[in-house]
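Supplied in structure tokens, the structure appears directly below.
Chain IDs A, B, C and D follow the sequence of writing; residue 1 opens each chain.
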Amino acid sequence: MKLCLSLVVLLLLVSAAAPAADDAETVDPLMSDVEGAVQAPVDSIPPAPPSDLAARDHIENTDAGDKIALSWSLSPDDGAGAGDVIGYLVLRHPSPDAPGDTVAVVGAGSGRCLDEAVEPGTAYYYTVASLDGANASEPVLAGPVAGRTNLWQPARTSVFVLMIVFFALVMIFTRLAERGAALFIRRIPGLNAIEEAVGRATEMGRPVLYVPGIGEIDNIMTIASLTILSHVAKITAKYETPLIVPTARAVVMSAAEEVVKEAYAEAGRPDAYNPDNIRYLSDAQFAFAAAVNGIMLREKPAANLYMGAFWAESLLLAETGFEAGAIQVAGTAMVSQLPFFVTACDFTLMGEELYAASAYLSREPKLMGSLKGSDWMKMVTIILMGAGVILNLMGATGIVNWFQTQ
Amino acid sequence: MSGVSGFEKFLKIDRRWIFLAVGVAVVIPFFFPLGLLVDVTPPVQSLYDAVDVLPPSSQPLLLAIDYAPATLPELEPMALAILRHAFSRDVNVAVMTLHPAGYGLAERAGLQVAEEYDRVYGEDYVYLGFQPGTSAVILSLGVNIRNVFPEDAYGTPLSEFPIMDGIRNYDDIPLLITLAGWSAAEAWVYFAHEPFGQEVGAGVTAVMATDYYPYLNTGQLVGLLGGMRGAAEYEGLVGHPDKGVRGMDSQSIIHMLIIALIVVGNIAYFATRKSKKLAG
Amino acid sequence: MTLFWTTIGAILTLSIYSFLYKDNPFYKFAEHLVVGVSAGYYLVIYYWNYIDPNVVTPVFLLRVGADRIPLLGMDWWMALIPGILGLLLYMRFFPKVAWVGRWPLGIYVGGYAGLGLSPIMQARVITQLGANALPLAGVEDPFAAMTNLVLGISIFAVMTYLFVAKRSMGAGNKLVRAGVIVLAAVIGYVGYLALSLLSNAGVVSLTNILLVVGLLGTLSYFFFSMKHKGLLGGLARVGIVFLMVGFGASFGYTVMSRISLLIGRVGFLLHDWLHLID
Amino acid sequence: MRRGIPLAITFLIGLFMLVDFFVPHYRVSDLAGEMKQWGTIVIAASILLGVGNLIRVHFHKIRRRRDGWQYSITTLLIMAVMFAFGGPWGTIQEGSAFNWMFLNMQVPLQSTMFSLLAFFIASAAYRAFRLRSAESGLLLTAAIIVMLGRVPLGQLLTRALPEQATLPWLTETIMAYPNMAAFRGILMGAALGVMAMGLRVILGIERSYLGGEK
């Protein structure tokens, strides 16, 4: 492990010294439109034709098989040579000899065209001829080519490969953990603080406030928050401390009800569950913040836990909570709000710590395994980054191109 | 040791004093402006230059006041500054809006500055009003303005206004400026600049500004005002400091206030710690 | 009429500000008011903007099978599915079939979990990797390259050494740690100035070292299943340095936009309502 | 069984959505697009659950005459009024009472709440930016530099210096490099956390959000 890291670090540093690949931006020749270029000198000599015409089925993210992509190398007279090419005429033919339909006239300087109106599954031929003001060159031919509805998006292969690697890592470690391999997990102070905070609220005989963020339930931060809520509810059930859960989304409210009810039942205190403490306040962000502030000042919770997705209301809540004298623990992966939680709360779970919480709190082998798996994925990421830097320095931009997805 | 206990008191100051200080700091420039000018950044300068070369009493500048009340504090100062710039140079202006809630705001900005400079409605400026359908409106303007706005905002046919004589579409509009707190600014780039080659300048909120910088590099925007600060820079260039500069005054004062608080807080913090060490 | 509504708006605005002094009946009233207004608002908006056009109209009212549904763009009967899912949410009030109420939740959460996975890998990991894999190149001037290397290594080595060395991490060594950070920052800054005189490419490379080292350190901090000691511990400490700078900077950066909001409200009170200023 | 069905649904739907990303075939994409919209409608349909909860909580408060029960009447009353204005007609029309109440009550109340942040950001800075350790020193220094670099008064301070020593330049540099590096790190780490969590949800390992067994 250590060796691995040192290697990457070393490579990263060495790469700083290596001679540079030319990373100057290449400037695309300006697309001059056909109209604007008409002033080019008109003669009676046809321009040289373009070359290397290629026609391929175009794959897009919603692929109905009705598009074919064409590309060609510019005519020698385009921008150089006689310099009188003003554009390219692109035609689509049902057979090599049949007359064609105009697909487009493409301005000089561009060697690409997308035919967006083909019949899926039908074979076509394409010709491209360069035009000057008066004449057309010999057309060049490509085909046959047919539009297909594709079942694979090659531009996303890199995503797929990394996903498979990630899934495999998670699966392997989950399996290992289930077989009883001892897994280490580092201390996360914010999570230890939760229990302390709840304990203090119990001593003071005041409630615990748990805000699961204002994200919708499709937000993974909200799901993570609900798993932490389940843990917190078990502790409050044990101590019979009231637990107030204000929510900004109706579905989250109903999920929170289930979670808390279940936790109280599991702790053997189903009667202590008070449905009036799981509240839907408002979908409107600041109406929600206003109402939570009201709860803090009037019901005086001794511990405020903010876990989940927060936006600008983060500091409104945390400052009011501080003024009310509560212990505050926050957890979010919203980068823009972390600075405010960090400054205003006693403890803050940053980014991934929020997602690691359920494994940390439950110590369930399956969850610990997935944590280990994503740690290894981080290692893969770091190694890839190092490899990318080095290969890029050596002029092999392949890996960087591989990172370009659609 | 009374000084030390003073520090300690300061450390635990009631935060309402801080609130009061912030409140006072933000209100003061409303009555006593400092008028601190902001260094002008290139995107603002280039927008200013684009307006500055427009021919007087000729083809109009099309000003799309596309903001809604929520982004008013940041964007209205821009509208006023640009209108002042145009009117002070006798440049004709046509005002319109793409935001349903912008109708009254666009009208009020136009009226206010026209009054300041004694501009005549219909000769020096005109208010076209609101039409729904953002991108469709922008595209149709490229064909014929009268397809979208056959009449001005008050129901008078455009043909009755001398300012609109011979103005058909983007070919007759040397510059368009959009002020928007939403994606309208992007829509102008895509549907007016791209297909018709219309010169477009934009004013957006500070938060949006970073997303719009790339359009400057590609030339899709001739200039860009970002947030209150952009407005303040433009006001400085026009030589008529107003809400933007005043807003930046408030910003300056509060930023300094916060920094001063931090510094004093730290001094108090160390002083009390030292005294505790001595006592301990 | 306008004055009436503006006055209402102004009174509500002042009621909220009174909260800064302390909780009071005005704030309580404003708070309960806004909760009520928004509840009524969302009830109406959700029904008329989503349920009515996409479920009620196509299924019950007219045009059965005739038209495409605006939001879904599919056949009318497809609208039944979300409609039924929506109804299932309410099964929780009937204890016998309450368990059915979890189906829509399962579909919703599962769907979005699956939906999110690949784009997150793409946008947050692969694209960022691409952006960070590029940079250290760009030094054509061999002298600048050498300087760069020396600088990069020295900053990094000094920081790592002192952060890794266990003895220096003790509580008594706050000063040492602060010294290292300041030293690294000064070396970096002076180096930067020197380099910027020599070649632009060197500058690019130096700032990129900062990016790569920062990213490496921050990522290291988020390793959970390994003990934070040795090299990993050192890197994690470097990560914390970057995190702290980042938090401080974004905090300072956000102040401006928050004050803009306040200026807007004060403008509303002084101008729109009281007409005290123009 | 009762838990099994939702878990199976979660798995199948999750898997389908996962596959959709890689399979461009239009039938797959169209169906996936369709299913995304179902979610929107389920959420919209849930609002009644939320409002029901709100009514119940406030109703209990009034019935039991708990502290501040009078305010609960405000909430319920104004909600009924808002609903009565908008419910039967719906769409927002210029000048309707529904729209007026939205524009003149909800909008100013929300934006005033938002603007309270200007006060809170000051008090938070005063309290939290103390030089307690090397790390908090960094936090504090970065914040002060950036705050100075963003406003005219701060720019005045260093106007005489060469560009690379001015506060605006330092601000830009801090934002563009250390800040960017740290946030990229958080984002990448969090992305992996999200993915692991998402996978656990799809596989049914993480299921506390579904609540109890009964």
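In this text, contacts are C-beta pairs under 8 Å (C-beta built on N, C-alpha and C of every residue); 3 or more make two chains touch, one makes a residue touch a chain.
Remember, predicted model here, so these are calculated numbers, not experimental data.
Student: Out of curiosity, which chains are bumping into both chain A and chain D?
Tutor: In this structure, the chains that contact chain D and also chain A are C.
Student: Farthest chain from chain D, going by mean C-alpha coordinates, please.
Tutor: B
Student: Decide which interface, A-C or B-C, involves more C-beta pairs in contact, and give its chain pair.
Tutor: Ranking B-C and A-C by C-beta contacts puts A-C first.
Student: Let me have the rounded angstrom distance from the C-alpha centre of chain A over to the C-alpha centre of chain B, please.
Tutor: 32
Student: Approximately how many whole Å separate the CA-defined centres of chain B and chain C?
Tutor: Result: the chain centres lie 25 Å from each other.
Student: Averaging only over C-alpha atoms, locate the centres of chain A and chain C and give their separation in whole Å.
Tutor: Measuring from centre to centre gives 13 Å for this pair.
Student: Any idea how many Å lie between the Cα centroids of chain B and chain D?
Tutor: Centres of chain B and chain D (C-alpha means) sit 27 Å apart.
Student: If you look at chain A, which of its residues touch at least two other chains?
Tutor: Each of 156, 159-160, 166, 217-218, 220, 223, 251, 254-255, 258, 281, 283-284, 286-287, 290, 298, 338, 340, 342-343, 350-352, 356, 371, 378, 381 in chain A touches at least two other chains.
Student: Listing for chain C: what residues touch at least two other chains?
Tutor: Chain C, residues with two or more chain partners: 16, 19-20, 28, 30-31, 34-35, 37-39, 41-42, 89, 102, 105, 108-109, 111-113, 116-118, 121, 125, 132, 212-213, 215-216, 219, 222, 243, 246-248, 250-251, 254-256, 259, 261-262, 264.
Student: Could you say which residues in chain D touch two or more other chains, in rising order?
Tutor: Residue numbers touching two or more other chains: 21-22, 30, 39, 42-43, 46-51, 54, 68, 103, 106, 109-111, 113-114, 116-119, 121, 123, 125, 127, 129, 139-140, 143-144, 147, 150-151, 183, 186-190, 192, 194-195, 197-199, 201, 209-211.
Student: Could you classify the connectivity of these chains, where an edge means two chains touch, as line, ring, star, complete or other?
Tutor: Contact map by chain: other.
Student: Judged by the touch rule stated earlier, which pairs of chains are there in contact?
Tutor: Contact pairs between chains: A-C, A-D, B-C, B-D, C-D.
Student: Residue numbers of chain A touching chain D in their complex, please.
Tutor: 59-65, 149-153, 156, 159-160, 166-167, 170, 174, 216-218, 220, 223-224, 226-227, 230, 247, 249-251, 253-255, 257-259, 261-262, 265, 275-276, 278-281, 283-287, 289-290, 298, 312, 315-316, 318-319, 322, 333, 335, 338, 340, 342-344, 350-352, 354-356, 358, 366-367, 370-371, 373-374, 377-378, 381
Student: Help me check something: in the complex, which residues belonging to chain C touch chain B?
Tutor: 20-21, 255-257, 259-264, 266-267, 270, 276-277
Student: What residues of chain B sit close enough to touch chain D in their complex?
Tutor: By the definition above, chain B touches chain D via 13, 15, 18-19, 21-23, 26, 36-39, 69-70, 100, 229, 232, 248-249, 251-259, 261-262, 265-266, 269-270.
Student: Which of the residues in chain B end up touching chain C in this complex?
Tutor: Answer in residue numbers: 16, 19, 22, 26-27, 30-31, 72-74, 206-207, 227-229, 243, 247, 250-251, 254-255, 258.
Student: Which of the residues in chain D end up touching chain A in this complex?
Tutor: 21-27, 29-30, 33, 39, 42-43, 46-51, 53-54, 56-57, 60, 67-68, 106, 109-111, 113-114, 116-117, 120-121, 123-125, 127-129, 139, 183, 186-190, 192-201, 205-206, 208-213
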